[in-house]
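Each of the next two complexes has subunit A plus one other chain: subunit B in the first, subunit C in the second.
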Partner chain A sequence: MTAIIGAGIDRVDAALKVTGSANYPNDVAYPGLAHAALVRATVAAGRIRAIDTSAAEAAPGVLTVITHLTAPRLDRGPMTLLGPSPPAPIQDDRILHHGQHVAIVVADSPERARHAASLVRVEYETVKALLDLDDPRAEVTANPWNLDTDRGDVAAGFAAADVVVEGTYTTPDNTNNPLGLMSTVAIWHGDSLTVHDSTQWPHNVRTSLAKIFKVPESGIRVLAPYVGGGFGAGLRMWPHVILTVLAAREVGRPVKLVLTRPEMFTSVGHRPHSVMRFKLGATRDGRLMAIDADGVSPVAMEDDDYEPVSLCAATAYGCSHVRTRDRQVRLNIPCPGSMRAPAEGQGNFGLESAVDELAHALGMDPLELRLRNFAQADPESGLPWSSNALRECYRLGAERFGWSRRTPQPGSMREGRWLIGYGMAAVSYPAYQVPCQARASLHRDGSAFVRSAATDIGTGTYTVMTQLAAESLGLDVSRVRFDLGDSDMPYSPQAGGSGLTGALGNAVHLACRRLVGDVLDLVRDDANSPLRGMKLDDVTVDQGRVHRVGIPEQGEAYSDILARHGVEELSADGRSIPPRSEDLGMAVAGAFGAKFVEVRVDPDLGLLRVARVVSAIDGGRVLNEKTATSQIVGGTVGGISQAMFEDTATDRETGRIANATFGDYLIPVNADIPDIDVIFVGEPDPATPIGTKGVGEVGLVGLAAAIANAVHHATGRRIRTLPITIDQLML
Partner chain B sequence: MRPFEYVRAVDAGQAVALVSADPDTSYLAGGTTQLDLMKDGVLRPARLVDVTRLPLSGVTSTGSAIRVGATTTMEELAADPVVIERLPFIREALLLGASTQLRNLATIGGNLLQRARCRYFRDPAVEACNKRDPGSGCAAITGFARMHAILGTSDHCIALHASDVAVPLVALDSVVHVQGVDGPRGIPLTEFYRPPGDTPHIENVLRHGELITAVEVPLLPEGARSHYLKVRDRVSYEFALTSAGAALVIQDGLITSARVALGGVGTLPWRSWEAERVLRDAPATRETFRAAADAALEGARTLPGTAFKVDLAKRTLVRTLETIAGARA
Partner chain C sequence: MEVTLNVNGSAHPLRLDARVTLLDALRDHLGLTGAKKGCDQGACGACTVLLDGRRVVACLTLAAQCEEREVTTIEALSEEGTPHPVQAAFARHDAFQCGYCTPGQIMSAVALLAEGRAGSEEEIREFMSGNLCRCGAYPNIRKAIRDVAEEG
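Here is the complex of A and B:
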C-alpha cells in the first residue's frame, strides 16, 4: 500500500479557500435576508432603569428591536460535555458585565441595523462592579473542578529538599480572536430551523437551540462547513446565536448577525487572567522532591469555565509529593471560555518558569534537570504511558537547536549590542477524547463518501480524514470525499481539547473497516467471488480492490462487487469510544513537546526579538506532515503572541475592555515571527487504532515559559508577568 | 455610522466653500483614520467633501526646499528622490508608519491631521473624553495610559499625536500651506498644533473649512546626517511608544547644527529646542547626547502607565544621536 497517511498532501479544501469560494457563515446569503446588530451594556453591574427604542424603531429599514421587555422567556441551554450552557440573553433587567447584550436590532441592511442600534438609549442604575480577584466581596470557589491533587507528603518532600524555589506568576486576559468574525444566519420554516454558524460543534448548537426554543432536534439543521478559526471561541453556543435565532423568528425572515471585532471581546469567551504560585523543592542532584502549586482565575457571575491552571504540576514530572489547588472568583466580567490550551497555556508558563528557576538555583542545565525528572510512568495512576517520547523530544530538539552551545551564565552570550538568550520548556499535554461517529458509503463506481458532523476550523480535518478514509478503504485520495460541518451528518463532538482528530479519525477508521466487512458480507456466498467466505482479517484493501492478504491476484474491485450484486450504495457507521487507561493497563497519553527558543534583547531600549524556535513534538502518528506542522507553527505563533503581545485590558473602574480592537490589542505581525522549526518524534500511540495524539494545542504551550527563560538567560532578569514588554526589559 | 452625504470636489475653491459654510461638513482625503472614526461613531459628519481628485498631489523641489502637495500619499513621498537624498529621516519615518496598504492611501495632509489613538477617545461608550465631548472629563488619566503623552499634557487630556512623519517635519521647520475662504496662508508646523490645555477638542490653529494644500519642507544643509528611530511594542504596524527624529551637522567632532523632535511622547509632534540648545556647539559625545535627552524630557509629566516612557524616550534620543554620529564617523 502506498503511504497515504503521513504524506504532506495539500489541503483538499485549499483551492476553495484561496479562490474565496469556501462559503463561511458570514458569506451566506438568502433572498430577503435581514441583518442584526447588538446593543451592549455600557456598565458592568446594575440594572436597566429605562430603555428607549423609539428612535431605533423609527430609523429607516428597521424591522424590529428586541429587548428584555419584549423578548419571550427562554430556557437556559442544556448541560453539555463542556459544562453548563451560557444563560439565555435579555431575560431580565440585570447587568452582569460590561458589553452584555441588552438588545438586538434587525434591519434590511447591516449599516442600517448598526446605525439603529446606536440610537437605542439605555439608562442604567449602576452598582459597584466586582472586577478584582482580591475584592473581598467576591464569591470564591475552592476546588471548583474537583481536580485538586494531593499526592504523597508535600511537607516531608520540602523538608528533604536541598533547594527550594517559589514564585508568583501572572498571566493576563487573552482574547481568542479568530480572523473570522463569529457569524450566525438563522432561517425558520414553521417549527423547523436552519442555522449557519461559526461553531466548532454543530450538534451542540442543534441540541441547545432545540431546548431553548422548545422544538424537536429533528427539525433543526446546523451548518458550519467552513469556520474562520475558533481557538475555542466556537466551542459553546453563546448568547448572540440565540438572539439571532430569536430575531429570525420575530421578523419571519432569514437574519444574519456578524459580530464586530469589539463585540468578539465580550461575546465569545476569553482566556481568563490568572495568578499562580509554584513552589518546587529538589535535592542537590536535581531530583524533584515536592511540588506545591496553586492558581486563581476569574469567572463570570452566572456562568462557568474550566481553567484548572495549577493542575499541570500534577502530571508533568515524576515527583512523589505534589499538591495542587485551584480557586475561581466570580466577577462582573464577560464569561471566560476555552482559548487554545485552556489552563495549560497559563499553568505551563508558571510551572516551566519555576523549573528554570530551580535549574538556575541548582546550577544545573535546565534540560538536564528535566531529563532527571522525566515521568517514567503516569505520575497520577502509576500506569505505564501508552506512549511517551518526551525524552526524544528533549534530545532531538536540543540537537537541532544547538542547545549545547548555551553558556550557563546569564548575560554571557551576546552579539554586538544584542544579548542572546537560550531558553526551553517542556509540555505534557493531557489526553482528551470523547465518543464520535462517522458514516462511510461506497458508490457503485468504487468511490467513497465519508462524513461526520465535525468541523474544520483551519486544522486540516477535511484533509486528514480524507487520507484516513482512503487508507482504510484502499482508495486513492482522489476517490474519497470527506464532508463535515452539518448536523444532519452522524454525531461528532467539538473540535477542541486536541481531541477531534483522534475521536473522529477512529470513527472514520471503524466506519471504513465495517464497510469493507459489509463488502465481504455481500460476497460471503458468492461463488463468482475470489473473496468468498473471507473475514476482514483475511483481506487487505488497495487501489480500489479487496484482495487476500499477500495475494493481490485473489481479489476484486469494489465496483465489480457492487455491480454484480446490484447494490447502488453501501454504507456503514463507525462509532469511536475513547480509550480507557484502566482497560488498557496503560495511561492514555496526550502529546508531549520540548520547546527551544533563542531570543535577542537590546537592554538599552528594552527590545525583545524571538530569533529562533525549535519545537520537537510527540503527537503519536502524524496523519499529514504538512497540516500537523501547520498546527504546530500556528500554535507557536500563538505562544509567541501570549508571551509578548496579548493583553486584554479591563478598566478597573468601569469593567470596560479598553483595547477591544486590532489597533489596540496586539497580536504579532509577520515581522515578529522568526523561522519556526518543527520536528515530530515518537511512534503511533497504541491506545487507539489510528495511533494519533492531538496536536492542536501542544504547539502553543511552552512558548511563553521558553521565551521568559531565554530572557532570563539573556539578561539575568526573571519575568513572571505576561506579556513581556519593553518596560520590563530596559536594564 | 450616521448616514452622510458624499460630494466629490471639482476644485479647491468649491471644496473650501462647501466645508467652510457648514460645521457638519468635513473633508475626506485618504480616510484611513477618518472612516474608522465614523464607523465607531466618534466622528459624525453630515457630509464629506472628497478632495482626493483635486490637483494637490506631487512633490516639487525649489532647490532649498520641497513642496509636498497635500494629497501626496505617504508612499509617494517616501519614494521621492529628493527625500531619499536630502531628507532621509523623513523617508525612514514614513516607512516605519502604518502598513504599505495604508501608506498607499493615506495623504500627507491627512497624516498631519490624524486624530488621537487614545482608546478612550475612540470609543463613544466611554463618557469621559474632553476631546470628544468637551467638559466630560478624561478617562485615560484614570484608565490605561501607555500609548499616551508625557509632554504637553494637561489635566484635561493626555492624548498623543501619533504621527511619525510629523516628527522630522516639525524638526525641519516645515510650513503648512492652507487655503481658506479668505485666501491662502502659511503656518509654521511648530505653531500649527495647539497643546490640549483646557480645550483638547481644538487640536490645531486651522479655521473650520481651511484646506491644507501643501507642506513646504526645507532641505537639510549639505553634510547633515539624519535618523529616525521608532521604538514600539511590535516590530511593524504599530504606533511608537517613543521615537526620535534628529539631524546633525558635525564638524571636527563638534556639533554645528542640530534639529531634534520626539514622537510617542507629546500631545503634539514634539520639537525639542531644549535638546538642540544642548547639542549645538557641543562635542558629539555620549555625554552630550545624554544631556540633550535629559533636557528634552525635562518637563515630562507621567502616570503609572507612562512612567517608563521618560527613560525610554531619553534612551531613544541618545541612540538616535549616537547612530547619526556613528554614521558620520
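Here is the complex of A and C:
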C-alpha cells in the first residue's frame, strides 16, 4: 500500500470550498426565517436608566424586541474545560463594558431588523470605567491560575551571573477576527432545538444551551460542518448565541443572527494586552543562571480568561533558578478569550526578545546562546522529553536560512538603501490533549464511515482524519468518509490548544482498531475464513483486506466477510485519553520550533518589510504535509500580523474600540507576506499511538520576537512594544 | 422595488427592499451563498463577484444598481462538474484553509487573469491585496494563480 499518512493529499473538502458550496452557519436558510440585530451599549460602565423600544417595535416587519426588562431570567452556562461560561446576557440593567449587548431585535428581513435596532433609545447612568491596568481602583488577582513557578533560588542564581539583562515588554489587545462573521441560526420544534453556529466546539454549545434553557441535551442538535475560521473566537458559547436562541423561542420562527464586523470586536473574545518583565542572568560563557518573569493582563468584570504570559519562562530553557508571577486585573472591557496561542503568543515575545538582549550583552550569537541552554529534560518535572527535536530545528532552520551569513554588529548588513536584519526566536509549545471519542463503521461494500462531533476550522481535520482512518483500516482514502460538526456524533472536545488532532486522531485510530477486532470476532469460529481464530496482533490491513502479518495470501476482504455473515454494517467506538507524563515516565512534549527572519528597514522612511521567513518545526508525526505546512504558514502570517499590524485601540475615556472595522484594524494583505519556508523535523512522538504533536499554534509563536530581534540587528533599535510601527523606526 | 438581476446567465425578477445589497440579494433571495459576507463594509473582498466582467464587492453594490447588468458568481465557474482551472489550482496548492474567503479570492483571481494582470509575482501580490485571508494562505494563493497564468 502506498503511504497514506504524511502524503500531501489535497483536502477532501477542497471541491466544496473552491466552488462556494461548503455550508457555513450563515449560509443556512429556512422557510419563515426571521433575522436578528443587536443593540449594544455605548458606555463602558454604569446602568441603563431607561430603554425605549416603542419606535423599534412599531417599525415595519418587527417581530420582537427583547431587553433586560422583558427577558426571562437565564442561568449562567456551565463550568467547562476552558473555565466558566461567559455571563448570560440582558439579565439586569448593569453595563460592564462598551459594546455589551443590551437588546436583540427580530424582524422579517435583515434590513428591517438593523433599522429597527437603530431606533432603540437607551439612556445610561454612567460611572467612570476601569480601563487601565494601573488604575488603583481595579481589583487585582495574584497567581490567578495557580501556575506561578518557583524553582531553585533565583537570588542566588542572579548573584552567580556575570551578565544580567532586564526589560519590560508590552503587547496590545488583538482581535481574533476570523473572516467568517460568527453566526447563529436557531430553530425550536417544541422543546427541541436545532442550532447552526460558528463554533469550534459543538458539544459545548449543546451542553450550555441545555443548562441555560432547561431542556434535555438530547433534544438539542448543534451543527457546524464548516466554520469560517476561529482562532479561538469560537471556543466559548458567547452571549449572542443565547440571545438568538431566546429570540427564536419568543417569535416561534427560525431566527438568524450574523454578527457585524464591529460586533466581532466586542462579542467573541480577544487576546488581552499584557505588560511583562523578563530578567535573565547568565555566566560569561552563556549559561543561564536565573530567570525572573512577571506579567499582567486584564480580564472582564464578571468573566475568566487563561493568559499566564510569564509561564513560558519556566519551561523554555534548562535553567535551575526560575521565578514566574502572573496577575490579572478586572476592567470594564469586552471579555478576553483565547486567541491562537493564548499567553504563549505574548509571553514568547518578551522572553525571546530578552534572550536576544542577553546574547547581545554577552557578545554571543543568539543561536549559540539558545543551543547552550537547550533543555535536555523537561525543566519542571525533570523527566526526559517524549521527544524534542529543537536542536535539529535550530540546525536545519539556520542552514536553510543562511544564518551563518549574519554579521553580528547591528546595522552592519545593507543592500542599497535598505538596512538588513537577521533575527531568530525559539518556541517550546506546551502539550495539550483532552479526552475524545469517535465511531467507525464498515459497510458491506467495504467502505468506511467515521465521525466525531469535532470541527474543522480550516486546520484540515476532515482530511487528516480521513487519512488516519484509511491507514488504520487498510482502505484507500477514497473508500473512507469522515464527518464532523454535528453534536449528535460522538463527543469531541474543542478545536483548540493545538490538541484536537492528537485527541481525535487517537480516538479515530482506536475506533478503527476495534473495528478490525470486531471483524476478527465475526470470523473467530468461521471455518470458511483464513482468519479464523486470529487476534488483532496477528493481522494487518491493506487494500480493503485483513491478512496474516507477512502472509498476504492468508486473508480476505472486509466485503467478503461482511457478506458471508449477512452483516450490513459493523461499528466500533474509540475513546482517547490524554497521555500522562507520570504514567509514561516521560514529559509529554508539545511542538518545538525555531524561527528565522530577514527584515529590511528603510531608515529614512521607517518602512519595515519582512523579506524571508524560515520556520523549522518539530511537530511529531506529520499526517499531511500539505495541510500541516498550511498550518505553519498561516500561523506565521498570524505572527507577522501580531508583530507589525494588529492593535485593537480602545479609547481611554469611553472604553469604545476606535478601530473596529477591517478598514481600520490592520491585518496583512497578500502584498505584505513573503514566501514562507517551512521545514518539518523530528520523529513521531511516542506518547500516543498516532505520534502527532499539534501544529496549530507553534507557527505563530516566535515571529514577533524574531522580527523585533531582526529589527534590532538591522537598526540597533530595541523595540519592546508591539506592534512595531513606523514611528518606532524613523531613525 | 422591482429589479431584474441577470445572474450567471439567468434573469431573476425580484421585489426587494431598496436597501438590499447585491450580496444579500444573491445570498438571501436567490440562494446563491457562494459569495461570503466578511465585513459588509467593502474591506475584505469575501463577497467579490463580477459585474459585467469586472470585480466588485457585492456588499457595497446595491441590487438596484444591477438592473440590465450581468452578474457572475462562483457558482458559475465550474462547468458540468469540471472545475475552472483556478479552482483546480487552489485545491492543488492548498490555497485556503477555512475556505470562507475562497470564493472571493477565486473570483478576483479569475478577473486578474482575464485582465492580464497576473504577469508576475509582484503583480499578483498587489492586485490580490483587496482580498483578505485571515488563515494566511497568501503564499499558496499566489502559487495557484501563477500556475494558471503560466499554463496560459
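FYI, the second predicted complex is superposed on the first by the 730 of 731 C-alpha atoms of A that agree within 3 Å, B and C clash if a C-alpha of one lies under 4 Å from a C-alpha of the other, contacts with A are read in each partner's own complex, and residues count from 1 in each chain.
Keep in mind that, in the parts below, a contact is a pair of C-beta atoms (placed from the backbone, for glycine too) under 8 Å apart; a residue touches a chain by one contact, two chains touch by 3 or more.
From a predicted model like this one, the values you see are computed outputs, not experimental measurements.
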Problem - Overlay on subunit A: subunit C relative to subunit B, clash or fit - result: fit
Practice task
Have a look at where A:Ser21 lands relative to subunit B and subunit C in the superposition and call it first, second, both or neither.
Solution key: second
Exercise for the section: Have a look at where A:Leu605 lands relative to subunit B and subunit C in the superposition and call it first, second, both or neither. Expected result: first
Practice task
Quick one: classify A:Gly634 as touching subunit B (first), subunit C (second), both or neither.
Solution key: second
Exercise for the section: Mind telling me which of the two, subunit B or subunit C, contacts the most residues of subunit A? Expected result: C
Exercise for the section: Once the structures are superposed on A, label A:Asp518 by its partner contacts, choosing first (subunit B), second (subunit C), both or neither. Expected result: neither
Practice task
Scan A:Ser118 for contacts with subunit B and subunit C and give back first, second, both or neither.
Solution key: first
Practice task
Classify the contacts of A:Pro668 with the two partner chains as first (subunit B alone), second (subunit C alone), both, or neither.
Solution key: both
Practice task
Have a look at where A:Ala649 lands relative to subunit B and subunit C in the superposition and call it first, second, both or neither.
Solution key: first
Exercise for the section: After superposing the two complexes, find the smallest distance in angstrom between C-alpha atoms of subunit B and C-alpha atoms of subunit C. Expected result: 5
Completion exercise
Going through subunit A, the residues touched by subunit B and also by subunit C turn out to be 111, 115, 661, 663, 668-672
Practice task
Report the residues of subunit A in contact with subunit B in the complex, numbered from low to high.
Solution key: 40, 42, 111, 114-115, 118, 262, 604-607, 609, 644-645, 649, 651-654, 656, 658-659, 661, 663-664, 666, 668-672, 725-727, 730
Problem - Touching residues on subunit A, where the partner in the complex is subunit C - result: 8, 10-11, 13-24, 26-27, 29, 109-112, 115, 177-181, 226-231, 258, 260-261, 457-460, 626-627, 629-631, 633-638, 661-663, 667-676
Practice task
Can you check the complex and tell me which residues of subunit C touch subunit A?
Solution key: 17, 19-20, 24, 27-28, 31, 33-41, 43-44, 46, 73-75, 77-78, 83, 87-88, 90-92, 94, 96-103, 106, 124-126, 128-142
Problem - Of all residues in subunit B, those that touch subunit A in their complex - result: 1-3, 36, 41, 117, 119-120, 122-123, 125-126, 139, 142-144, 147, 231, 233-238, 241, 308, 311-312, 315-316, 319
